[in-house]
Amino acid sequence: MNASVIDRRRVLAGGGALIVSFSMTSAYAADQPAPAAPPPKLPGSLKDAPFLDAWIRIDADGAITAFTGKAELGQGFKTAFQQIAAEEMDVPFASLTVITADTGRTANEGYTSGSHSMQDSGTAIQNAAAQARALLVAEAARRFEVPEESLHTENGAVISFDGRRIGYGELVAGDLLHVQAQPTSKLKDPATFKVMGQPVPRLDIPAKVTGGAAYVQDMRLPGMVHARIVRPPSYGAQLTACDISATVKMPGVVKVVRDGNFLAVVAQKEFQAVKAMRVLSAAAQWKETASLPKQDDLLRVLTRLPSQDTTIFQHNDPSAVGAKTIEATYTRPYQSHGSIGPSCAVAQSTDGVMTVWTHTQGVYPDRQGIAEMLRVPLQRVRLIHVEGSGCYGHNGADDAAADAALIARAMPGVPVRVQWMRDQEHGWEPYGPAMVTKLKASLDANGAIADWNFEVWSNTHSMRPGGAGSMLAAQHMAQPFAVPDPKPLPLPEGGGDRNAIPIYTFPNAHVVHHFIPAMPLRISAMRALGAYHNVFSIESFMDELAHAAEADPVEFRLKHLADSRGRDVINKAAEGFGWRKQQKAPQGRGYGFAFARYKNLAAYCAIATEIEINSETGQPRLVRAVAAVDSGQAVNPDGLKNQVEGAIVQSMSWTLFESVTFDDTRITSIDWQTYPIARFNSVPDRIDVHIINRPGLPFLGSGETGQGPAAASIANAIANATGKRLRNLPLTRRRIKDAIDA
Amino acid sequence: MQSNRPLGLPRMIAGVIGVVVVVGAAAGFAVAWRPAIAAIELPAPSSFDPALVKRGRELAAIGNCNDCHTVKGGGSFAGGLPVQTPFGTIYSSNITPDVQTGIGRWPEEAFRRAMRSGVNRDGQHLYPTFPYDHFTNVSDEDDAALYAFLMTRPPVDAPPRANRLSFPLDQRFVIAGWKLLFLRRGLYQPDSTRSAEWNRGAYLGEGLAHCGACHTPRNGLGAERSNAQFAGGDVDNWQAFALNKQSPAPVPWDAEALYVYLRQGFHPDHGTARGPMAEVVSNLSSVNESDVRAIAIYMADVFGAPSIDDRKRGEAVLAQARSPAPLTLDSNVNAAGASIYAAACATCHETGRALPYGGVNLALSTALSSPDPRNAINIVLSGIRPVEGERSPIMPGFAASMNDGQIATLLQFLRDRFSNQPPWSGVEKMVADARQSQPVLLQTSSGSHDAPRESMRREKR
Amino acid sequence: MMTLKVNGRDHQIESDPDTPLLYVLRDEIKLNAAKFGCGLGQCGACTVIVDGKAVLSCVTPLLLLEGKQVTTLEGLGTIEAPAPIQRAFIEEQAAQCGYCIAGMMMRAQALLQRNSRPTDEQIRAELEPNLCRCGTHMRILRAVHRAARLMETADASSTIDGSVR
């Protein structure tokens, strides 16, 4: 046993030793690359954090903890991870604990994004647990002096053929689990699963429905004070004057923090801070610049900005010749994550170490940004993930964390809670980027697609921290950090070009990504990234082509799709919906269908919808939706259904209602009046989600797989109901009415 | 819809019985009896000129037809909206071209007769909830367009619901007597001394748009009082403000303000349309803007040019609204009301955010300057509900969080602070009544107006 | 200083009378369930029950609450002894991030207290002021129906054994 191990133990045990042992923690988990990576790739996130005890800890009393570097965002995967660990460790589900993202305790798994949690962390935990169990069995065999094959595990113990039994806790003495993972694990046979594949109730829900402390918003540290930010009224606005004399005299006010264009007020009580913020806001004078593009002309705005153009897919078969060509252009506006709870963070600077409790999706990258902003070494900053309101991507979470850190720096020792206001979240969050797609395709004499051309114009889809320049507070400081240059996210996952390459087989296909570096509005990752619009475009256009070919939309898709798992979800959704070839919906209604495999490498999803359109007002209403999903081995079927149901309702809201609005200077969609989202009146009568389970196959992320297909399915149903094709998101009542009246 | 609510006036009980006794007999069969008009086969939608249908769509919007003839969750124009009256309940009819339950077998002639004289195809008199006293002036061409529009709607099978009226009001011949007294037939006669726009506005405002049906007070027999035209009326427990010299608006209306208000649903100097008027402006947002402008020009003339005093007062109110005096709680006689205002209202109504998403500065509120507090009560109780999926103002209602006394206290404070009118009396009782009345929700349409943009506001407040 | 009755207990409140109930509950009484969502009465995350009615606590100043009974989600039941509506939401797994759920439950609870068997349409109309961004609506609707059934059972059993509902 060496010194670093002792420190690591102290770290893992939590408590007072945490700060001392930071560098040790990093040594195995975070900052250094894995020592000379073994030739075969380790499964999931084990490749970045290869020691088993970064994932699984067993205490002497037999208590087992699983660690994940991912953050629970309300998807419920904390429960799924616990199922996985319990299954592979062969212990009762309830006997485990799962610890989520904390730069002081867990592995660096980057961001919790892109439906990667099950693939990365779930896979790592599964393999680490399986290998840990194998080590325990080997240790027991050594002690019992019997062959391993004669032993089995049950309820946290290894049991021999002759009935001798030894608990995991007794076996773990020493450094048993501080070993590098092996590339392959002896995983359990899915047929023997006890807890994986079961709809285990989520662990977080009881506290959430009884008023337990569940969110960072609910944190109350001793001596904690409340801060509010006064943000500039628009991008780039400069604070020219601010008389703080009235503010500092207000009851409870303890501090006004000003650093360049960063302005905040701190008070003892929360509502005192709100009132002080109002007064401070009224006292602040700003110089604004008109820098925003024309909201109603995004097509031209985006296609005229300079772009870096890449052909990302090319396939030629000169023998296939088109006879009938159609083209179409689709647009998507900027859209908001629209978290119900505005962002919040708590920070405390103690003994030169800044601890920030945050609902960021990436504690490690965020730590890097905050350390850079505070100009301190990484070891002086610790980020701990605490759940917030659902974020659906990069919302204000990271910015609030930076705000809290900047204010807490000015108040050593005092815990500072920053809570954004509604208009701040709506006005300052980085939006899902606006996009344009242009499609052109030809049908051959048999009604099959002979050639396919797809071009997409988009910003990057991630401006997440790493550097300080991604955070508002750092941008607004007197010595500001520049916004980093945007980069396109690399394929195969892609960003603006995510799902731009068709999953269908076409003899000729040409796909171009026009990456636009200039960002007129602050943008970043929003659930499904470019896949939302690309799938909306491809799957709308597939319907337009099917219409031109006088073919049934489902049949037309199957005709061009070789992927058998894709065909299965299409057939399943069609069957569940009661889709019949060329059937006509009742008057005023329409049927739609769409399909995609998220990122062309994650979960498969097909969605059939029925829409009702009021022909007088244009008002659309999603009547029902039937989805089929294949996400590989389903760990928690009910959790998976919950995710897909939610994706359909949320995507419906994006698709029918949502666009960020702005004038030449300011964002004008700053609350629920000006950024309306679905309310209960719009919710469908029913949603059915059919899961095609694939026991033993890899986990495929499913948190975002529904967004694109739901959008296209709805658009196709509207076209089916009205005979009019709408190509500009959102498909609002007004646009539908105008199309009907045209 | 608006026109039928006057039946809710209690004094009509006596009045209508009077009609029965005095006029009913005299009217006799000669007036009461109308022939049926032969049914036709349902014309194919394609038999109507699309341009005529399009024109009819706009006219139907100007006439606010959908408001009365559609119930929330029901088919458009399928009728069935219950109107509570002291005598019972009258339901609006199905005006979709359904052959069994709608007007699918009505020839154009029957439709025109209904508009002109309130008689259905069978020859039965229609209750004046249907405002044929206004529609009587609609031209043949416009009736043809309306007919074409309605006959090309999706037919909805929605059987008419039987009115629930007590004898003798359930006898339709009674209506004949009412018509004899109050129905003045005749097409609109242009005033050659006025502009074409004014005449267009008068034709629409007095006719199809039936503004007076709500904004003119009714006599004991439920008819509009011709000597008090546009002096303000009652609708569904809302007050339809006076649109003439007696207008209580703090800032005098002019044609431009009326146009903006009718077109987009709010005006910065006057506030946001709500209550039954919300539906009217919603419809007007979809029609030819020249027609809305014409109505505005005519109605501005009805208001009349403001007196010098009124104009000065309007300017003073606007100045006050632009830079409101700070609220001081201690010096106020009604400290309780002031506290409620400061805590519950001022956070939206004094942020300086532009209409319609910022609350109107209450110095501009007509409701607070009006002799009748009901509109103010209604809005405090129920707020403004969001329009599903559209940019629209939202105001939380306070029915659950304030008791009658608290609302009365608040309103008296508002009246005192934001108007130059004497205090209201009996407010608390009226709040209690308003809670009871539960007016029919009229939010049948999906949108109030095109997503209004906030005006560009760069100046610091 | 005023006395505020929350979940059956009297609390001496130091906050100013203009303080919205939400901040009194969260900041002073240290209750978690009522959430800050917009502070404008537009989203329903802060919904609590006052004298039996669903109220938006973010736009309800303390001074309106003299003598009134405030109930928050914490007052309905506990993790060990959940109320019917809490059981129903657990059984239906009616949450994703869960941030809106407390407000949803309080508005639904107020509805069920005056209408023990609401139709689906009535539940939708009632919950319209409350926003959910995760799209958990279908489960919330199912949970409210389930809560109605559970409450009925609880009522029925209370008449049999005379115990609490």
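Here the chain labels run A, B and C in written order, and each chain numbers its own residues starting at 1.
Here, a residue touches a chain if its C-beta (ideal position, glycine included) is under 8 Å from a C-beta of that chain, and two chains touch if they have at least 3 such contacts.
Here the structure is a predicted model, which is why all the values come from computation and not from measurement.
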Maximum inter-chain contact count - chain pair: A-C
Identity of the chain that, by mean CA position, is farthest from chain B: A
Inter-centroid spacing, chain C versus chain A (mean Cα positions, whole Å): 29
Intercentroid distance (Cα basis), chain C paired with chain B, Å: 37
Distance between chain centroids, defined by C-alpha means - chain A, chain B (Å): 48
Residues of chain B engaged with two or more neighbouring chains: 386, 394
Chain C, residues touching no fewer than two other chains: 19-20, 39-40, 42, 128-129
Multi-partner residues of chain A (each touching 2 or more other chains): 671-673, 678-679, 681
Parts of chain C lying in touch with chain A, wherever the complex brings them together: 15-16, 19-20, 23, 26-28, 30-33, 35-40, 42-43, 45, 72-74, 77-79, 82, 86, 89-90, 93, 95-102, 105, 123-125, 127-139, 141
Touch list for chain C against partner chain B, complex: 17-20, 39-42, 50, 53-56, 59-64, 121, 128-129
List of chain B residues in touch with chain C within their complex: 73, 336, 339-340, 342-344, 347-348, 383, 385-386, 394-396, 398-402, 406
Chain A to chain C touching residues, read off their complex: 73-76, 199, 201-202, 204-215, 217-218, 220, 226, 251, 269-271, 274, 338-342, 387-390, 392, 419, 421-422, 638-639, 642-643, 645-650, 652-653, 671-673, 677-681, 683-684, 686-687
Residue numbers on chain B that touch chain A, as the complex places them: 54, 57, 66, 76-77, 153-154, 357, 386-394, 445-447, 450-451, 453-454, 456, 458, 460-461
